[in-house]
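One chain, subunit A, appears in both complexes that follow, with subunit B as partner in the first and subunit C in the second.
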Partner chain A sequence: MSSVFSTLTESLIRHRGVLGAMVVGLDDGLIVESTLQIGVNGNAFAALTASLYRKARRSAAAAGFGATGFLELTAEQGRVCTAGGQELVLVVVCESRVNVGMLRVELLRAAEQLP
Partner chain B sequence: MRFSVVASWVETPLKQFVDDARVEIAVLMHPNGQVLGQYGFARSVDVMTACALASAIHASSSELGRQLEGQPFSTLHYMGRDRQIFLGSIAAPSGALLLLAVFDRESSLGLVQLFLEEFRARVAVSAPPPVLDGPPVMQENFERDLNRNLAQLFGRA
Partner chain C sequence: MASDDIRALSEALAADPASLAFVPLGEALRRRGDLEVALRVALRGAERHGTRPDAHDLVARIAVDLGDLERAIVEWETVLRIDPAHAGARKGLGFICFQLGRLEEAASHLSVALSLSPGDGSLAAALQTVRDELAVREESSGRSTMQFSREAMAADPGGAAVRQRQTADPPARPTLGLAAVREQPDADAGALFDDLLEGQRSAAMLLDGDGLVLAGRYVSADGRDLAALIGAQLSGVSDEATRAMRHLGLGGWRQIVFETEAASVAMAPSRDGVLLVAAARPIPLGFVRRVLERALARAVEWLGGAA
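For the complex of A and B:
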């Protein structure tokens, strides 16, 4: 059964190099909706990325920079991109070769639909 | 805040869990309420109370799970306004154990669940094998063992 968020994750997973897209609870770090390729540990990504996003938000607020809109973590062999609302965040796990500019636009647009 | 353990094998897995999951309180115990190790409490009476309550909650929720699904629930989570409680069962070689964790906004249910899995794996490796010819747990021994464990935790053994 598809939820109201499945269209968001399904549109993001269509991008070349995207391995997984999830809607995650910001406070509890649990997956609300996900579209993942086989082999992606969604639960671990969701919990850790939600924690990272919460801390990034607090850091930005402490620095007086206002709200956090987009968070990108670049690692040796991939990226994690996150954008969110007050209660939910969109987490995208992707390979290094992904078109980050396009993904960022799509992610921010999709995040506008989150509560 | 310091760690205190009754059995030495508990220290490394429990410390790792506390560091990773960022919980305020963690207590590893037998399902009967006998403590094996703890982080976060400063007084033995608080540990004793927490263990007794966690043991009772586990017994109730296990029975509820049996009634509803034919098997006991393996975890229980309660979300308060500022703090949350998580109670999870751990399969150790010598039998089931319970992990009680209390956390605030520094952590999350997702993180606690994630690192509980790693904790379970570490316990499965480091816990001692079952004692086949060990003495049965008697009422009189239970209270003596409980007091001995608490005294060990708080340096009065």
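For the complex of A and C:
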């Protein structure tokens, strides 16, 4: 069954190096829609990335930097990119080789459609 | 501390609200980055055990992480009323007073702390830094500061209004913990990254594991160094990343970059702390990442070893 957000996740996962794309509740970290390759633990990425994004938003606001848009976490074995609205965020799990610039543009464009 | 330990401490505290489990629990939550929860736990503990210095010390350290320096001062002063020989409170107050430019008070607190903990090399270095700065203050009536603020960014996207107030005197005061470079007069801790930021509206700072500034600065339009405040607020993001990495199977985190309305922020782990670069939004994200990489190399060199 596809939701209104399935087109967003399906377009994001087409990028080379993207392993999973999810729409996630910002407050609860639960998956609303996902398109994942086999083996990707969507629930863990959703919960922890939403938590990280919330923290970044709170911290940036407290520091006087205003609202947060795109966030990228680079790790030894991959990347996680996030952008979102007030209620939902897009979470993309990627390999290190992904073209972050292109993905960022797509992610920000897609995030505009989130509430 | 593992989540299981935190759960066990929470259960112990729930079973016996009068127990002292709130101290290790609050500390564990603080280290995990759950500062609001940690503060609630610590405040309840301090209320119930108002005569225990470790309770107020815990509140103070959490307050520092939250950037609430006023509360930290109040709590550490409470600690000293209970236990005038509490080295941690003296050290904390010394660092805060230094950040606030209250150098005489900083020197006083750090002197006492050093007498209580003579083997603490970081205290000796910090005290020497404060004394050096006091000497510089007496000798010099002016100072140079980079001007950088969100207001300046927003009001002046072209950048002309930033870096507006420069004088001919040496750079602004260094931050604490700079023993490695004290013998290099042009390489004080506060100015450690300045040349990497040349011509750009950006700031860089190196924070320790508690979110306290080791090097670098963030100077507002009115000349105040906001590094302690900004660092305390943003260092929690790296704590959250570290926590997430334990569960995601991606190895350790190397870099976090996020864009806000006013700034692009990039951070990377450095030893037990974090290096943080912030730049006005018109500055491209790729540039911010490059500055972070260069600053990280500088920090490693300055710290005298591997990151």
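The working rule: the second predicted complex is superposed on the first by the 115 of 115 C-alpha atoms of A that agree within 3 Å, B and C clash if a C-alpha of one lies under 4 Å from a C-alpha of the other, contacts with A are read in each partner's own complex, and residues count from 1 in each chain.
Here is the rule we use: a contact is a pair of C-beta atoms (placed from the backbone, for glycine too) under 8 Å apart; a residue touches a chain by one contact, two chains touch by 3 or more.
Note that this is a predicted model, so its numbers are computed, not measured.
S.K.: On subunit A, do subunit B and subunit C fit together or clash when superposed?
M.R.: By the criteria stated at the top, subunit C and subunit B clash after superposition.
S.K.: After superposition on the shared chain, which partner residues are touched by A:Gly17: those of subunit B (first), subunit C (second), both, or neither?
M.R.: neither
S.K.: First (subunit B), second (subunit C), both or neither: which does A:Gly64 touch?
M.R.: Second partner only.
S.K.: Going by the contact rule set out at the top, does A:Leu48 touch subunit B (first), subunit C (second), both, or neither?
M.R.: both
S.K.: Touching A:Leu73 in the superposition: subunit B (first), subunit C (second), both, neither?
M.R.: After superposing on A, A:Leu73 lies in contact with subunit C but is clear of subunit B.
S.K.: More subunit A residues touched by subunit B or by subunit C?
M.R.: C
S.K.: In the superposed arrangement, does A:Gly85 touch subunit B (first), subunit C (second), both or neither?
M.R.: neither
S.K.: Output the subunit A positions appearing in both contact lists, the one against subunit B and the one against subunit C.
M.R.: In subunit A, positions 44, 48, 51 sit in both the subunit B and subunit C interfaces.
S.K.: Which residues of subunit A touch subunit C in the complex?
M.R.: Checking each residue of subunit A against subunit C gives 41, 44-45, 48-49, 51-52, 55-56, 59-60, 62-78, 80, 101, 104.
S.K.: For the complex, which residues does subunit A have touching subunit B?
M.R.: So the residues of subunit A in touch with subunit B come to 24-25, 27-30, 43-44, 46-48, 50-51, 54.
S.K.: What part of subunit C is in contact with subunit A in the complex they form?
M.R.: 33, 67, 150, 229-230, 233-234, 236-237, 240-241, 243-245, 247-263, 265, 278, 285-286
S.K.: Using the touch rule from the top, collect the residues of subunit B that touch subunit A in their complex.
M.R.: Within the complex, subunit B contacts subunit A at residues 105, 107-111, 113-114.
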